[in-house]
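Naming follows writing order (A, B and C), and every chain is counted from residue 1.
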Amino acid sequence: MDTLLSSLSNANFQWVLVGSLLLGFASGVIGSFVLLKKQSLISDAMAHAALPGVCIMFLIFEVKSIPILLIGAAITSFLATQAIQFIINKSRIKTDAAIGIIISVFFGFGIVLLTYIQQNSTGSQAGLDTFIFGQAASLVKSDVQLITGGAFLLVLISMLFFKEFKLTLFDPQFAKGIGLPVSFLNGLMLFLVVAIVVIGIQMVGVILIAALLITPPLAARYWTERLGVMAILAGIFGAISGVLGAVISTTIVGLPTGPVIVLSASFIFFISLLFGKKKGLVIRRVRQA
Amino acid sequence: MTYTLWIVITGCLVGLTCGVTGSLLVLRKMSMIADAISHTVLLGIVGAFFVTQSLNGVPMLIGAAIVGLLTAFFVETLHRSGVQSDAAIGVVFTSLFALGVVLIAFIGDQVHLDVQHALMGEIAFVPWNTLQIGGVSLGPVAVWMLGGVLFVNLLLIAIFYKEIKLSTFDPQYALLIGVPVVFIHYLLMIMVSLSTVASFDSVGAILVVAMLIVPGSTAYLLTDKFFTMLWMSGAIGILSALIGYGSAVYFNVSIAGSMASSTGILFILAFLFSPRHGLVFKRLRTT
Amino acid sequence: MHALHVSDLTVSYDKKPVLEDVSFSIPNGSITGIIGPNGAGKSTLIKSILRLIPSITGEVKVYGEPYAQQKKLIGYVPQRSEVDWDFPTNALDVVLMGRYRHIGIFKRAKKAEITWARECLQKVGMLGYAERQISQLSGGQQQRVFLARALAQDAMVYFMDEPFSGVDAATERAIIQLMKNWKQEGKTVIVVHHDLQTVEDYFDHVLLLNKQLVDFGETPKVFTLENLEKTYGGKIAFLQKTPSTEKEHHAHGHLAFESE
């Protein structure tokens, strides 16, 4: 309890709280688009694929400059989505196997690079492995500012183009018909996912960041049928999970942040699954009786 | 020399066991279930530890089989209640895996099991952990476990060969003529869980996923025969293990990561140069 | 003796009824077409009869005995699109799958079974393709492999789900010939069908379905304009003989439907 109180008065920690809140909110909103595009597992592949990008940038520039590393992450994440598409289009391999191949091979290669860096670089650059599970406590002020600013910007874009995204997701043919730039909008949605994965990996880690995109919108689905409400609700669920994760993992030493955030989100999902107003299991049972 | 040999044997056994089993999953379009199970068995291992207070082989296998089945069961239940299947897989495996990781953080100081280990394994330690009976060393525990699981898997595939084949190709027809389709499904889930946990300790979750999905997909590009695909997938698994080990030693990097990367390289080769399904020959044929 | 007797069959999906209280009895040695608009529950009907999807209520009897005891007598040709034709196997292997019940669990196919499977392939004109990988067959050839598999089952009551969709003329003729042979052998054939123009040529019995049973009986009595209006619920335009070049058997002109 004491640690919690002293953390709360710590300025850096206050930044972390704001960051995790906004990150959670942004990923909930963007995750709603991902869920409706049926790309939940592709987002998982994008997250895993961020690891080799981080390592390659570190090997090239030999500095642990977060913006540079994150640019690397964005590039390999994007490459992963293209590779999945390419495999599906050009061979008889089906979607699920293509995603699995990309997840495991990109991540495996990331681990190879990570161990290479650990063996060969001097000094204490080993901090890269926090990218795997995330560690809120190790974030410095500039990291948190990047997360906060980035998440804010992504939420803003999502709100500005909300109407257009909605139509593109629901009926792309019709959207094209009334003159919406559908491929631009799809590209923008892809950008949002890559961006949220990239700014989130320091806190949540590449292995579990996808959960932050998948779980809150799925939980929100049990409360509403409307996309607008769903996106905001998913954002709120994500924000709660983010804050809970940051607080708990900072209070208990040795607890990685990502898994705690994900567990918080899973808990909200579980409650929604049971008691959700629209499709919750308990409600369904009551109606049947 | 024997030290290296044991590591190579372990890697090859992982490749063979996961390769053969995984090829079935690729055909059944269940690769991502394999990915999910490979993550969630961590929870089974931790659970087995809470019950027995040790990291012993058999309770670990049982724990993993239970959690593996639960994973498949939860995914199906969610899917049946109206959640799209990929989102259902995503939410189930991240939840159970996160739970496993958090629990490890609490027991981490009591046992030699940390998250790093769970992801990447510690194949380098495999030769030291030997099976002792009456004071005689019979070789590494991991090799015995993998060998045992391989034997069980091959036996099950041999017994239910045509049932597995039919329920994979045409499950409705299989149901119609009386093949126990649900039983076969969960049998495969058990096989995946067992393969995963037997490999887990030595090579970690990443390599297990790679070995389950990639060699099967590679073989799928190389053959149009069911039986050939099974053994070829196992052979590609072994080849990946060998190439991976060699390059890991050469570059002094993670053995598991390197083996996973090797599966990727072999896949790319098949993707480009497979005589019938490869990109290059397809293009040559059309021009 | 009725080959198939269905009473009070009700199926619902996500609490929406798909089939309501369907009852009928199909006489032995007949060829029945199940006709109805898209979403009428035609495939659902045969799948629930075959216990491939659960039904809420309903009883199915085959030759007077409960379905569960008569499963051996049932043959089935699913829609071609329901399986993945990239599956690594060859035509002969698929046909052998029709013999799995006879081969028994744990056992491998004996020579006699393989010979039998080859004969079935020959009957549908596919013997030359026995060793061919199924991904390399044309749509019509794939359908014929499925027919051969049904033949290999040596059943008494055959169910076929849209066997004519997307096949070439030669395959269409092969399917019709096969149905006629079965009928001559005293077997019963039940076919989900959507092409109204061919109904009178192919089927001696018609079952009109739109979530509920509209009518069932001999084709000339049941396949009437009035009944079709009831089934399709939309406006029906009865066009005069249209200049069709592909098919000669349009003696009754074109029936076109515009549903609302």
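Just so we're on the same page, a contact is a pair of C-beta atoms (placed from the backbone, for glycine too) under 8 Å apart; a residue touches a chain by one contact, two chains touch by 3 or more.
What you see is a predicted model, and the numbers here were worked out from it, not measured in a lab.
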| item | value |
| --- | --- |
| Dominant interface by contact count, named by its two chains | A-B |
| Distance-maximising chain from chain B - centres being C-alpha averages | C |
| Separation of chain A from chain B, taking each centre as the mean of its C-alpha atoms, in whole Å | 26 |
| Rounded Å distance, chain A centre to chain C centre (Cα mean) | 48 |
| Euclidean distance of C-alpha centroids - chain B vs chain C, Å | 41 |
| Two or more partner chains touched - positions in chain A | 92 |
| Numbers and ranges of chain B residues touching at least 2 other chains | 29, 82, 220 |
| Shared-contact residues (touching 2 or more other chains) in chain C | 135 |
| Contact footprint of chain B on chain A as seen in their complex | 35, 38-41, 44, 87, 90-94, 96-101, 103-105, 107-116, 119-120, 129, 132-133, 207-208, 210-211, 214-215, 218, 221, 252, 254-256, 258-260, 262-263, 266, 269, 279, 281 |
| Chain C - residues contacting chain B, complex | 14, 47, 50-52, 71, 74, 76, 78, 82-84, 87-90, 93-94, 97-98, 100-101, 103, 105-106, 108-109, 133, 135-136, 149, 153 |
| Contact set on chain B toward chain A in their complex | 26, 29-32, 34-35, 81-84, 86-87, 89-91, 94-95, 97-99, 101-102, 105, 108, 115-116, 119-120, 206-207, 209-210, 212-214, 216-217, 220-221, 248, 251-254, 256-261, 263-264, 267, 271, 277, 279 |
| Residue ranges of chain B touching chain C (in the complex, touch as defined) | 27, 29, 82, 159-163, 165-166, 168-170, 172-173, 175-179, 220, 223-226, 228-229 |
